[in-house]
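In C-alpha coordinates below, several structures.
Two complexes are shown next, each including subunit A; its partner changes from subunit B in the first to subunit C in the second.
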Partner chain A sequence: MMKISQIIKELDLELISGEKGLDNETNGVYSGDLLSVVMASAKEKQIWLTVQTHINIVAIASLIDISAILIVEGMEVEEDTIEKSNELGIPIIRTNKTTYEISIELYKLGIN
Partner chain B sequence: MNNSKDKNKIKLEYSIISNDFKRAGETSSNIKSILKKVGIDNKVIRKVAIVTYEAEMNIVIHSYGGNIKLMVEGNNIIINAYDKGPGIEDISLAMKEGYSTATDEVRELGFGAGMGLPNIKKCSDYFKIESSTEGTRLLIKISF
Partner chain C sequence: MKELSLHILDIIQNSISGKATNIEIDIVENPKDNIFQISIKDNGIGIKKSILKDVLNPFVTTRNTRNVGLGLSLFKSTAERSNGKLILKSKENIGTEVYVEMEYDNIDRPPLGSIEDTLIAIMSGEGDRINIKYRHNVSGKVFAFDAAKIKNIIQDVDIESPEVIMWLRGYIKENIRNLYLI
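Let's look at the complex of A and B:
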(Lines of atoms letter the chains of each structure in order from A and count residues from 1; the text may use other names and numbers.)
(Lines give C-alpha, C1' and ligand atoms only; values in the text may rest on other atoms or scores of the structure.)
Protein backbone atom coordinates (compact mmCIF):
# COMPACT_ATOMS: atom_id res chain seq x y z
CA MET A 1 0.00 0.00 0.00
CA MET A 2 1.25 3.46 -0.88
CA LYS A 3 -0.25 6.85 -0.13
CA ILE A 4 -1.46 9.00 -3.02
CA SER A 5 0.64 11.88 -1.65
CA GLN A 6 3.78 9.76 -1.94
CA ILE A 7 2.99 8.70 -5.51
CA ILE A 8 2.47 12.34 -6.49
CA LYS A 9 5.89 13.19 -5.07
CA GLU A 10 7.73 10.22 -6.55
CA LEU A 11 6.30 10.61 -10.05
CA ASP A 12 6.13 14.39 -10.07
CA LEU A 13 2.38 14.46 -10.76
CA GLU A 14 0.16 17.52 -10.62
CA LEU A 15 -2.47 17.63 -7.87
CA ILE A 16 -5.57 19.31 -9.22
CA SER A 17 -8.11 18.81 -6.43
CA GLY A 18 -9.37 16.59 -3.65
CA GLU A 19 -6.57 17.27 -1.15
CA LYS A 20 -8.61 15.75 1.66
CA GLY A 21 -7.97 12.33 0.11
CA LEU A 22 -4.18 12.58 -0.15
CA ASP A 23 -3.76 10.01 2.61
CA ASN A 24 -5.78 7.45 0.62
CA GLU A 25 -3.77 4.34 -0.04
CA THR A 26 -3.51 2.29 -3.21
CA ASN A 27 -1.92 -0.89 -4.42
CA GLY A 28 -3.26 -1.13 -7.95
CA VAL A 29 -4.07 0.61 -11.18
CA TYR A 30 -7.07 0.50 -13.49
CA SER A 31 -7.22 2.20 -16.84
CA GLY A 32 -10.35 2.88 -18.88
CA ASP A 33 -12.53 5.51 -20.49
CA LEU A 34 -15.82 3.67 -20.99
CA LEU A 35 -17.67 4.40 -17.79
CA SER A 36 -19.81 1.25 -17.52
CA VAL A 37 -16.76 -0.90 -18.14
CA VAL A 38 -14.86 0.94 -15.43
CA MET A 39 -17.84 0.52 -13.12
CA ALA A 40 -17.78 -3.24 -13.64
CA SER A 41 -14.04 -3.87 -13.61
CA ALA A 42 -12.21 -1.33 -11.48
CA LYS A 43 -11.61 -2.44 -7.90
CA GLU A 44 -11.67 -0.51 -4.67
CA LYS A 45 -8.49 1.34 -3.68
CA GLN A 46 -7.15 1.38 -7.24
CA ILE A 47 -5.91 4.49 -9.02
CA TRP A 48 -8.04 5.10 -12.09
CA LEU A 49 -6.27 6.32 -15.24
CA THR A 50 -8.56 8.04 -17.73
CA VAL A 51 -8.95 10.82 -20.28
CA GLN A 52 -12.52 11.52 -19.10
CA THR A 53 -12.79 14.77 -17.17
CA HIS A 54 -16.47 15.53 -16.62
CA ILE A 55 -18.21 15.53 -13.24
CA ASN A 56 -19.48 11.97 -13.53
CA ILE A 57 -16.00 10.48 -13.04
CA VAL A 58 -16.03 11.65 -9.42
CA ALA A 59 -19.38 9.96 -8.76
CA ILE A 60 -18.06 6.73 -10.23
CA ALA A 61 -14.83 6.88 -8.24
CA SER A 62 -16.82 7.48 -5.06
CA LEU A 63 -19.30 4.66 -5.77
CA ILE A 64 -16.63 2.01 -6.23
CA ASP A 65 -14.13 3.42 -3.71
CA ILE A 66 -11.36 4.44 -6.09
CA SER A 67 -8.39 6.03 -4.24
CA ALA A 68 -7.56 8.68 -6.84
CA ILE A 69 -8.32 9.66 -10.43
CA LEU A 70 -5.24 10.15 -12.61
CA ILE A 71 -5.96 12.20 -15.73
CA VAL A 72 -3.52 11.32 -18.52
CA GLU A 73 -2.32 13.23 -21.59
CA GLY A 74 -2.73 16.57 -19.78
CA MET A 75 -6.47 16.79 -20.36
CA GLU A 76 -8.21 19.92 -19.05
CA VAL A 77 -10.45 19.18 -16.03
CA GLU A 78 -13.82 20.93 -15.80
CA GLU A 79 -14.57 23.29 -12.92
CA ASP A 80 -17.56 21.34 -11.53
CA THR A 81 -15.49 18.14 -11.59
CA ILE A 82 -12.90 19.90 -9.43
CA GLU A 83 -15.58 21.11 -7.02
CA LYS A 84 -17.07 17.64 -6.65
CA SER A 85 -13.63 16.14 -6.09
CA ASN A 86 -12.95 18.65 -3.31
CA GLU A 87 -16.35 17.99 -1.77
CA LEU A 88 -15.89 14.21 -1.70
CA GLY A 89 -12.17 14.24 -0.98
CA ILE A 90 -11.23 12.12 -3.97
CA PRO A 91 -7.92 13.38 -5.39
CA ILE A 92 -7.70 14.24 -9.07
CA ILE A 93 -4.10 14.21 -10.26
CA ARG A 94 -2.69 14.79 -13.71
CA THR A 95 0.21 13.92 -15.97
CA ASN A 96 1.13 14.91 -19.52
CA LYS A 97 2.29 11.36 -20.15
CA THR A 98 0.27 8.68 -21.93
CA THR A 99 -1.52 5.88 -20.08
CA TYR A 100 1.19 3.47 -21.17
CA GLU A 101 4.09 5.66 -20.05
CA ILE A 102 2.64 6.47 -16.64
CA SER A 103 1.59 2.86 -16.09
CA ILE A 104 5.20 1.77 -16.45
CA GLU A 105 6.30 4.37 -13.92
CA LEU A 106 3.60 3.27 -11.47
CA TYR A 107 4.69 -0.32 -11.95
CA LYS A 108 8.32 0.55 -11.29
CA LEU A 109 7.21 2.28 -8.11
CA GLY A 110 5.78 -1.00 -6.94
CA ILE A 111 2.10 -0.33 -7.69
CA ASN A 112 0.95 -3.39 -9.57
CA MET B 1 -27.03 1.72 15.87
CA ASN B 2 -29.13 -1.44 15.95
CA ASN B 3 -28.50 -2.79 12.50
CA SER B 4 -31.22 -5.26 11.66
CA LYS B 5 -33.91 -2.94 12.98
CA ASP B 6 -32.63 0.07 11.08
CA LYS B 7 -32.12 -1.82 7.86
CA ASN B 8 -35.75 -2.80 7.70
CA LYS B 9 -36.85 0.78 8.10
CA ILE B 10 -35.09 1.80 4.90
CA LYS B 11 -37.46 3.07 2.22
CA LEU B 12 -35.95 5.50 -0.21
CA GLU B 13 -37.33 7.27 -3.24
CA TYR B 14 -35.62 9.62 -5.67
CA SER B 15 -36.75 11.35 -8.80
CA ILE B 16 -34.29 11.35 -11.69
CA ILE B 17 -34.33 14.17 -14.20
CA SER B 18 -33.70 13.57 -17.88
CA ASN B 19 -30.40 14.94 -19.19
CA ASP B 20 -29.29 16.25 -15.80
CA PHE B 21 -25.65 15.23 -16.03
CA LYS B 22 -24.55 17.54 -13.23
CA ARG B 23 -26.61 15.76 -10.60
CA ALA B 24 -26.21 12.36 -12.20
CA GLY B 25 -24.80 9.88 -9.72
CA GLU B 26 -26.20 11.67 -6.68
CA THR B 27 -29.01 9.19 -6.18
CA SER B 28 -26.69 6.19 -6.23
CA SER B 29 -24.16 8.00 -4.00
CA ASN B 30 -26.87 8.83 -1.51
CA ILE B 31 -28.13 5.24 -1.43
CA LYS B 32 -24.61 3.99 -0.92
CA SER B 33 -23.93 6.19 2.09
CA ILE B 34 -27.22 5.23 3.74
CA LEU B 35 -26.55 1.49 3.30
CA LYS B 36 -23.06 2.00 4.67
CA LYS B 37 -24.44 3.69 7.78
CA VAL B 38 -26.65 0.73 8.67
CA GLY B 39 -23.75 -1.66 8.25
CA ILE B 40 -24.59 -3.51 5.02
CA ASP B 41 -21.67 -5.63 3.80
CA ASN B 42 -19.24 -3.90 1.40
CA LYS B 43 -19.67 -6.52 -1.32
CA VAL B 44 -23.43 -6.01 -1.27
CA ILE B 45 -23.00 -2.24 -1.29
CA ARG B 46 -20.81 -2.48 -4.38
CA LYS B 47 -23.52 -4.42 -6.22
CA VAL B 48 -26.21 -1.94 -5.17
CA ALA B 49 -23.97 0.96 -6.19
CA ILE B 50 -23.44 -0.48 -9.67
CA VAL B 51 -27.12 -1.34 -10.16
CA THR B 52 -28.45 2.02 -8.99
CA TYR B 53 -25.81 3.98 -10.89
CA GLU B 54 -26.48 2.22 -14.19
CA ALA B 55 -30.24 2.49 -13.72
CA GLU B 56 -29.92 6.16 -12.81
CA MET B 57 -27.75 6.93 -15.84
CA ASN B 58 -30.09 5.09 -18.18
CA ILE B 59 -32.97 7.22 -16.94
CA VAL B 60 -30.87 10.39 -17.34
CA ILE B 61 -29.59 9.50 -20.80
CA HIS B 62 -32.32 7.44 -22.47
CA SER B 63 -35.61 8.50 -20.86
CA TYR B 64 -37.84 11.50 -20.25
CA GLY B 65 -37.21 11.15 -16.51
CA GLY B 66 -38.27 8.75 -13.80
CA ASN B 67 -37.84 7.42 -10.29
CA ILE B 68 -35.72 5.01 -8.30
CA LYS B 69 -37.08 3.38 -5.18
CA LEU B 70 -35.15 1.19 -2.79
CA MET B 71 -36.22 -0.74 0.25
CA VAL B 72 -34.88 -3.45 2.48
CA GLU B 73 -37.09 -6.45 3.12
CA GLY B 74 -35.65 -9.24 5.25
CA ASN B 75 -32.37 -10.17 3.60
CA ASN B 76 -33.19 -8.51 0.31
CA ILE B 77 -32.54 -5.09 -1.08
CA ILE B 78 -35.31 -4.33 -3.53
CA ILE B 79 -34.77 -1.72 -6.20
CA ASN B 80 -37.42 -0.34 -8.52
CA ALA B 81 -36.42 1.95 -11.37
CA TYR B 82 -39.07 3.29 -13.71
CA ASP B 83 -39.42 6.09 -16.18
CA LYS B 84 -41.94 7.86 -18.37
CA GLY B 85 -40.74 6.54 -21.72
CA PRO B 86 -39.99 6.41 -24.62
CA GLY B 87 -39.30 2.78 -23.78
CA ILE B 88 -37.04 0.13 -25.29
CA GLU B 89 -38.05 -1.27 -28.66
CA ASP B 90 -36.22 -4.58 -28.45
CA ILE B 91 -35.37 -5.66 -24.91
CA SER B 92 -33.29 -8.70 -25.84
CA LEU B 93 -31.13 -6.50 -28.06
CA ALA B 94 -30.79 -3.89 -25.30
CA MET B 95 -29.62 -6.60 -22.89
CA LYS B 96 -26.75 -7.58 -25.21
CA GLU B 97 -23.27 -6.49 -24.15
CA GLY B 98 -22.13 -3.72 -26.45
CA TYR B 99 -25.54 -2.72 -27.79
CA SER B 100 -26.18 0.99 -27.39
CA THR B 101 -28.22 3.73 -29.04
CA ALA B 102 -26.29 6.46 -27.20
CA THR B 103 -25.59 9.59 -29.24
CA ASP B 104 -22.07 10.68 -30.22
CA GLU B 105 -22.41 13.50 -27.72
CA VAL B 106 -22.81 11.21 -24.69
CA ARG B 107 -20.35 8.66 -26.08
CA GLU B 108 -17.71 11.37 -25.94
CA LEU B 109 -18.34 11.53 -22.19
CA GLY B 110 -17.68 7.80 -21.88
CA PHE B 111 -21.28 6.56 -21.89
CA GLY B 112 -22.64 4.17 -24.47
CA ALA B 113 -20.47 1.08 -24.00
CA GLY B 114 -23.70 -0.89 -23.96
CA MET B 115 -22.71 -2.45 -20.66
CA GLY B 116 -25.16 -0.82 -18.25
CA LEU B 117 -28.03 -3.31 -18.43
CA PRO B 118 -25.68 -6.34 -18.56
CA ASN B 119 -23.89 -4.95 -15.47
CA ILE B 120 -27.21 -4.58 -13.67
CA LYS B 121 -28.20 -8.15 -14.48
CA LYS B 122 -24.83 -9.52 -13.35
CA CYS B 123 -25.06 -7.80 -9.99
CA SER B 124 -28.67 -8.85 -9.32
CA ASP B 125 -29.99 -11.99 -7.68
CA TYR B 126 -33.32 -11.29 -9.36
CA PHE B 127 -33.80 -9.07 -12.38
CA LYS B 128 -36.88 -8.18 -14.39
CA ILE B 129 -37.24 -5.61 -17.14
CA GLU B 130 -40.46 -4.45 -18.76
CA SER B 131 -40.84 -1.76 -21.35
CA SER B 132 -43.43 -0.09 -23.53
CA THR B 133 -43.75 3.35 -25.09
CA GLU B 134 -45.20 4.44 -21.74
CA GLY B 135 -41.92 3.68 -20.00
CA THR B 136 -39.37 1.18 -18.80
CA ARG B 137 -39.44 -0.56 -15.45
CA LEU B 138 -36.68 -2.53 -13.74
CA LEU B 139 -37.22 -4.71 -10.69
CA ILE B 140 -34.06 -5.88 -8.99
CA LYS B 141 -33.35 -7.86 -5.87
CA ILE B 142 -29.96 -8.18 -4.23
CA SER B 143 -29.67 -10.55 -1.28
CA PHE B 144 -27.29 -10.18 1.63
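Let's look at the complex of A and C:
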Protein backbone atom coordinates (compact mmCIF):
# COMPACT_ATOMS: atom_id res chain seq x y z
CA MET A 1 0.00 0.00 0.00
CA MET A 2 1.25 3.43 -0.89
CA LYS A 3 -0.26 6.84 -0.20
CA ILE A 4 -1.39 9.02 -3.10
CA SER A 5 0.64 11.91 -1.69
CA GLN A 6 3.79 9.80 -1.87
CA ILE A 7 3.11 8.73 -5.46
CA ILE A 8 2.61 12.36 -6.45
CA LYS A 9 5.97 13.21 -4.93
CA GLU A 10 7.87 10.26 -6.38
CA LEU A 11 6.53 10.63 -9.93
CA ASP A 12 6.33 14.42 -9.97
CA LEU A 13 2.59 14.49 -10.72
CA GLU A 14 0.37 17.54 -10.64
CA LEU A 15 -2.39 17.63 -8.01
CA ILE A 16 -5.46 19.26 -9.52
CA SER A 17 -8.10 18.72 -6.86
CA GLY A 18 -9.40 16.51 -4.09
CA GLU A 19 -6.69 17.32 -1.57
CA LYS A 20 -8.72 15.77 1.22
CA GLY A 21 -8.01 12.34 -0.25
CA LEU A 22 -4.24 12.61 -0.38
CA ASP A 23 -3.90 10.05 2.40
CA ASN A 24 -5.83 7.48 0.36
CA GLU A 25 -3.81 4.35 -0.16
CA THR A 26 -3.48 2.31 -3.30
CA ASN A 27 -2.10 -1.03 -4.31
CA GLY A 28 -3.05 -1.22 -7.95
CA VAL A 29 -3.75 0.51 -11.23
CA TYR A 30 -6.61 0.39 -13.70
CA SER A 31 -6.60 2.08 -17.06
CA GLY A 32 -9.55 2.73 -19.37
CA ASP A 33 -11.57 5.43 -21.08
CA LEU A 34 -14.90 3.85 -21.85
CA LEU A 35 -16.81 4.60 -18.69
CA SER A 36 -19.17 1.62 -18.79
CA VAL A 37 -16.20 -0.75 -19.03
CA VAL A 38 -14.36 1.06 -16.25
CA MET A 39 -17.42 0.80 -14.06
CA ALA A 40 -17.54 -2.95 -14.60
CA SER A 41 -13.83 -3.68 -14.27
CA ALA A 42 -12.04 -1.19 -12.01
CA LYS A 43 -11.56 -2.22 -8.38
CA GLU A 44 -11.61 -0.27 -5.16
CA LYS A 45 -8.37 1.35 -3.99
CA GLN A 46 -6.95 1.40 -7.49
CA ILE A 47 -5.54 4.45 -9.24
CA TRP A 48 -7.50 5.01 -12.42
CA LEU A 49 -5.67 6.25 -15.53
CA THR A 50 -7.84 7.95 -18.13
CA VAL A 51 -8.13 10.72 -20.72
CA GLN A 52 -11.75 11.35 -19.76
CA THR A 53 -12.28 14.53 -17.77
CA HIS A 54 -16.00 15.17 -17.46
CA ILE A 55 -17.88 15.00 -14.20
CA ASN A 56 -18.95 11.38 -14.65
CA ILE A 57 -15.41 10.22 -13.84
CA VAL A 58 -15.84 11.45 -10.26
CA ALA A 59 -19.17 9.65 -9.99
CA ILE A 60 -17.56 6.40 -11.09
CA ALA A 61 -14.54 6.85 -8.82
CA SER A 62 -16.86 7.48 -5.90
CA LEU A 63 -19.04 4.50 -6.74
CA ILE A 64 -16.12 2.08 -6.91
CA ASP A 65 -14.01 3.74 -4.20
CA ILE A 66 -11.11 4.54 -6.48
CA SER A 67 -8.16 6.02 -4.57
CA ALA A 68 -7.30 8.64 -7.17
CA ILE A 69 -7.98 9.57 -10.79
CA LEU A 70 -4.84 10.09 -12.83
CA ILE A 71 -5.46 12.15 -15.97
CA VAL A 72 -2.92 11.33 -18.67
CA GLU A 73 -1.58 13.29 -21.65
CA GLY A 74 -2.15 16.61 -19.89
CA MET A 75 -5.88 16.77 -20.64
CA GLU A 76 -7.72 19.86 -19.44
CA VAL A 77 -10.16 19.07 -16.60
CA GLU A 78 -13.59 20.74 -16.49
CA GLU A 79 -14.48 23.08 -13.64
CA ASP A 80 -17.47 21.06 -12.39
CA THR A 81 -15.32 17.91 -12.30
CA ILE A 82 -12.82 19.72 -10.09
CA GLU A 83 -15.54 20.99 -7.76
CA LYS A 84 -17.04 17.54 -7.36
CA SER A 85 -13.66 15.98 -6.67
CA ASN A 86 -12.97 18.58 -3.97
CA GLU A 87 -16.37 17.97 -2.47
CA LEU A 88 -15.93 14.20 -2.33
CA GLY A 89 -12.22 14.27 -1.51
CA ILE A 90 -11.21 12.10 -4.45
CA PRO A 91 -7.85 13.32 -5.74
CA ILE A 92 -7.49 14.15 -9.41
CA ILE A 93 -3.87 14.16 -10.45
CA ARG A 94 -2.30 14.74 -13.83
CA THR A 95 0.69 13.89 -15.97
CA ASN A 96 1.74 14.86 -19.48
CA LYS A 97 2.89 11.31 -20.09
CA THR A 98 0.86 8.67 -21.92
CA THR A 99 -0.95 5.87 -20.13
CA TYR A 100 1.78 3.42 -21.09
CA GLU A 101 4.65 5.63 -19.96
CA ILE A 102 3.14 6.44 -16.59
CA SER A 103 2.10 2.82 -16.06
CA ILE A 104 5.73 1.78 -16.32
CA GLU A 105 6.71 4.35 -13.72
CA LEU A 106 3.96 3.23 -11.38
CA TYR A 107 5.13 -0.35 -11.79
CA LYS A 108 8.72 0.59 -11.05
CA LEU A 109 7.49 2.31 -7.92
CA GLY A 110 6.20 -1.06 -6.75
CA ILE A 111 2.51 -0.65 -7.55
CA ASN A 112 1.36 -3.70 -9.43
CA MET B 1 -13.88 12.46 -29.59
CA LYS B 2 -14.32 13.62 -26.04
CA GLU B 3 -17.20 16.01 -26.66
CA LEU B 4 -20.31 16.00 -28.82
CA SER B 5 -19.52 19.56 -29.89
CA LEU B 6 -16.39 18.24 -31.63
CA HIS B 7 -18.48 15.69 -33.53
CA ILE B 8 -20.81 18.51 -34.53
CA LEU B 9 -17.86 20.63 -35.70
CA ASP B 10 -16.68 17.75 -37.84
CA ILE B 11 -20.09 17.27 -39.44
CA ILE B 12 -20.40 21.01 -40.15
CA GLN B 13 -17.02 20.89 -41.86
CA ASN B 14 -18.48 18.24 -44.16
CA SER B 15 -21.34 20.61 -44.91
CA ILE B 16 -18.89 23.37 -45.73
CA SER B 17 -16.90 21.21 -48.10
CA GLY B 18 -20.27 20.26 -49.58
CA LYS B 19 -20.81 23.93 -50.51
CA ALA B 20 -23.65 24.50 -48.04
CA THR B 21 -24.74 28.08 -47.39
CA ASN B 22 -27.37 27.34 -44.75
CA ILE B 23 -26.67 25.07 -41.83
CA GLU B 24 -29.23 24.31 -39.16
CA ILE B 25 -28.17 22.79 -35.87
CA ASP B 26 -30.86 21.54 -33.58
CA ILE B 27 -30.10 20.12 -30.14
CA VAL B 28 -32.72 18.70 -27.81
CA GLU B 29 -31.85 17.60 -24.30
CA ASN B 30 -34.72 15.83 -22.65
CA PRO B 31 -33.62 14.17 -19.41
CA LYS B 32 -37.21 13.33 -18.47
CA ASP B 33 -37.61 11.01 -21.44
CA ASN B 34 -33.93 10.08 -21.33
CA ILE B 35 -33.20 11.39 -24.79
CA PHE B 36 -30.50 13.55 -26.33
CA GLN B 37 -30.99 14.51 -29.98
CA ILE B 38 -28.78 16.34 -32.41
CA SER B 39 -29.73 17.27 -35.93
CA ILE B 40 -27.49 19.01 -38.46
CA LYS B 41 -29.16 19.99 -41.72
CA ASP B 42 -27.57 21.70 -44.69
CA ASN B 43 -28.40 22.80 -48.23
CA GLY B 44 -25.15 21.54 -49.72
CA ILE B 45 -24.52 19.38 -52.76
CA GLY B 46 -25.71 16.27 -50.93
CA ILE B 47 -24.35 12.77 -51.21
CA LYS B 48 -24.83 10.62 -54.29
CA LYS B 49 -27.26 7.81 -53.68
CA SER B 50 -24.69 5.31 -54.93
CA ILE B 51 -22.24 6.15 -52.12
CA LEU B 52 -24.70 7.10 -49.38
CA LYS B 53 -24.26 3.75 -47.66
CA ASP B 54 -20.49 3.81 -48.02
CA VAL B 55 -19.91 7.11 -46.22
CA LEU B 56 -20.81 5.44 -42.93
CA ASN B 57 -18.28 2.70 -43.50
CA PRO B 58 -14.86 3.87 -42.32
CA PHE B 59 -13.01 1.45 -44.60
CA VAL B 60 -14.66 2.15 -47.89
CA THR B 61 -13.09 4.74 -50.19
CA THR B 62 -10.77 7.62 -49.52
CA ARG B 63 -10.91 11.33 -50.00
CA ASN B 64 -10.49 10.75 -53.73
CA THR B 65 -13.94 9.36 -54.08
CA ARG B 66 -15.78 11.27 -51.39
CA ASN B 67 -15.28 14.55 -49.67
CA VAL B 68 -16.04 13.49 -46.14
CA GLY B 69 -13.64 11.97 -43.68
CA LEU B 70 -14.16 9.64 -40.76
CA GLY B 71 -16.43 12.07 -38.95
CA LEU B 72 -19.70 10.34 -39.72
CA SER B 73 -18.39 6.89 -38.78
CA LEU B 74 -17.00 8.18 -35.50
CA PHE B 75 -20.21 10.01 -34.64
CA LYS B 76 -22.17 6.85 -35.45
CA SER B 77 -20.08 4.74 -33.11
CA THR B 78 -20.44 7.34 -30.35
CA ALA B 79 -24.22 7.27 -30.83
CA GLU B 80 -24.38 3.49 -30.81
CA ARG B 81 -22.13 3.27 -27.77
CA SER B 82 -24.67 5.49 -26.01
CA ASN B 83 -27.44 3.08 -27.00
CA GLY B 84 -28.60 5.36 -29.78
CA LYS B 85 -28.35 5.73 -33.54
CA LEU B 86 -27.23 7.94 -36.38
CA ILE B 87 -29.48 8.43 -39.36
CA LEU B 88 -28.11 9.97 -42.52
CA LYS B 89 -30.46 11.44 -45.08
CA SER B 90 -29.22 13.10 -48.21
CA LYS B 91 -30.47 14.16 -51.63
CA GLU B 92 -28.15 15.24 -54.35
CA ASN B 93 -28.27 19.00 -54.96
CA ILE B 94 -30.74 19.48 -52.13
CA GLY B 95 -28.86 18.80 -48.94
CA THR B 96 -28.00 16.48 -46.12
CA GLU B 97 -29.31 15.82 -42.67
CA VAL B 98 -27.39 14.03 -39.95
CA TYR B 99 -29.64 13.00 -37.10
CA VAL B 100 -28.28 11.47 -33.91
CA GLU B 101 -30.20 10.16 -30.97
CA MET B 102 -28.67 8.96 -27.71
CA GLU B 103 -29.76 8.01 -24.23
CA TYR B 104 -29.45 11.11 -22.10
CA ASP B 105 -28.23 9.32 -18.99
CA ASN B 106 -26.03 6.73 -20.73
CA ILE B 107 -22.69 6.67 -18.95
CA ASP B 108 -20.84 6.51 -22.28
CA ARG B 109 -22.61 9.50 -23.78
CA PRO B 110 -19.99 12.23 -24.07
CA PRO B 111 -20.90 15.64 -22.67
CA LEU B 112 -21.99 18.29 -25.16
CA GLY B 113 -18.89 20.30 -24.35
CA SER B 114 -18.19 23.75 -25.63
CA ILE B 115 -20.73 24.17 -28.41
CA GLU B 116 -20.16 27.94 -28.47
CA ASP B 117 -16.58 27.27 -29.56
CA THR B 118 -17.84 25.05 -32.38
CA LEU B 119 -20.23 27.75 -33.60
CA ILE B 120 -17.59 30.45 -33.29
CA ALA B 121 -14.99 28.34 -35.10
CA ILE B 122 -17.35 28.07 -38.05
CA MET B 123 -18.51 31.68 -38.02
CA SER B 124 -15.08 33.23 -37.63
CA GLY B 125 -13.87 31.35 -40.69
CA GLU B 126 -16.94 31.05 -42.90
CA GLY B 127 -19.45 33.41 -41.32
CA ASP B 128 -19.61 35.60 -44.43
CA ARG B 129 -20.55 32.77 -46.72
CA ILE B 130 -22.58 30.58 -44.37
CA ASN B 131 -25.65 31.22 -42.30
CA ILE B 132 -25.88 29.20 -39.12
CA LYS B 133 -29.20 28.61 -37.47
CA TYR B 134 -28.90 27.17 -34.01
CA ARG B 135 -31.65 25.93 -31.76
CA HIS B 136 -31.03 24.38 -28.36
CA ASN B 137 -33.79 22.99 -26.21
CA VAL B 138 -33.13 21.85 -22.65
CA SER B 139 -36.24 20.40 -20.98
CA GLY B 140 -38.45 22.82 -22.87
CA LYS B 141 -36.29 25.92 -22.40
CA VAL B 142 -35.12 27.15 -25.77
CA PHE B 143 -32.29 29.29 -27.08
CA ALA B 144 -32.46 30.08 -30.78
CA PHE B 145 -29.90 31.91 -32.80
CA ASP B 146 -29.94 32.93 -36.45
CA ALA B 147 -26.76 34.33 -37.97
CA ALA B 148 -28.72 35.81 -40.89
CA LYS B 149 -30.64 38.02 -38.46
CA ILE B 150 -27.43 39.13 -36.78
CA LYS B 151 -26.00 40.06 -40.18
CA ASN B 152 -29.09 42.15 -40.84
CA ILE B 153 -28.65 44.03 -37.60
CA ILE B 154 -24.94 44.74 -37.94
CA GLN B 155 -25.38 45.72 -41.61
CA ASP B 156 -22.01 46.84 -42.96
CA VAL B 157 -19.94 45.34 -40.18
CA ASP B 158 -18.31 42.03 -41.10
CA ILE B 159 -19.63 39.13 -39.02
CA GLU B 160 -16.11 37.66 -39.11
CA SER B 161 -14.60 40.77 -37.53
CA PRO B 162 -13.01 40.17 -34.12
CA GLU B 163 -15.40 42.53 -32.28
CA VAL B 164 -18.49 40.77 -33.57
CA ILE B 165 -17.03 37.31 -33.03
CA MET B 166 -16.03 38.16 -29.46
CA TRP B 167 -19.47 39.51 -28.72
CA LEU B 168 -21.18 36.51 -30.34
CA ARG B 169 -19.16 34.05 -28.32
CA GLY B 170 -20.19 35.70 -25.05
CA TYR B 171 -23.79 36.03 -26.17
CA ILE B 172 -24.11 32.37 -27.17
CA LYS B 173 -22.27 31.08 -24.12
CA GLU B 174 -24.36 33.12 -21.73
CA ASN B 175 -27.65 32.05 -23.30
CA ILE B 176 -26.72 28.39 -23.33
CA ARG B 177 -25.66 28.56 -19.71
CA ASN B 178 -29.06 30.02 -18.86
CA LEU B 179 -30.75 26.95 -20.38
CA TYR B 180 -29.36 24.82 -17.58
CA LEU B 181 -30.41 27.10 -14.73
CA ILE B 182 -33.55 25.94 -13.00
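Convention: the second predicted complex is superposed on the first by the 112 of 112 C-alpha atoms of A that agree within 3 Å, B and C clash if a C-alpha of one lies under 4 Å from a C-alpha of the other, contacts with A are read in each partner's own complex, and residues count from 1 in each chain.
Note that contacts are C-beta pairs under 8 Å (C-beta built on N, C-alpha and C of every residue); 3 or more make two chains touch, one makes a residue touch a chain.
This structure is a prediction, so every number in the text was calculated from the model and none was measured.
Student: After lining both complexes up on subunit A, report clash or fit for subunit B versus subunit C.
Tutor: Pair status: clash.
Student: For A:52, is the partner it touches subunit B (first), subunit C (second), both, or none of the two (neither)?
Tutor: both
Student: When the two structures are overlaid on chain A, which partner does A:104 contact: first (subunit B), second (subunit C), both, or neither?
Tutor: Neither partner.
Student: Is A:1 contacted by the first partner subunit B, the second partner subunit C, both or neither?
Tutor: neither
Student: Would you mind checking which one, subunit B or subunit C, touches more residues on subunit A?
Tutor: B
Student: Check whether A:63 is in contact with subunit B, with subunit C, with both or with neither, and answer first, second, both or neither.
Tutor: The answer is first: A:63 touches subunit B but not subunit C.
Student: For A:40 in the superposed arrangement: first (subunit B), second (subunit C), both or neither?
Tutor: first
Student: Among 55-63, 73-81, 91-99 or 127-135, indicate the stretch of subunit B whose C-alpha atoms run into subunit C.
Tutor: Residues of subunit B that run into subunit C: 55-63.
Student: Hey, what residues of subunit A end up touching subunit B and subunit C alike?
Tutor: Comparing the two interfaces on subunit A, one with subunit B and one with subunit C, the shared residues are 34-36, 39, 52, 54-56, 60.
Student: Report the residues of subunit C in contact with subunit A in the complex, numbered from low to high.
Tutor: Subunit C reaches subunit A through residues 2, 81, 107-108, 110-111.
Student: Sort out for me which residues of subunit A touch subunit B in the complex.
Tutor: Result: residues 33-40, 44, 50, 52, 54-60, 62-64, 80 of subunit A touch subunit B.
Student: Can you tell me which positions in subunit B touch subunit A when the two form their complex?
Tutor: These residues of subunit B touch subunit A: 21-22, 24-26, 28-29, 32, 42, 46, 49-50, 53-54, 57, 109-116, 119, 122.
Student: Going by the contact rule set out above, which residues of subunit A touch subunit C in the complex?
Tutor: Residues of subunit A touching subunit C: 34-36, 39, 51-56, 60, 75, 78.
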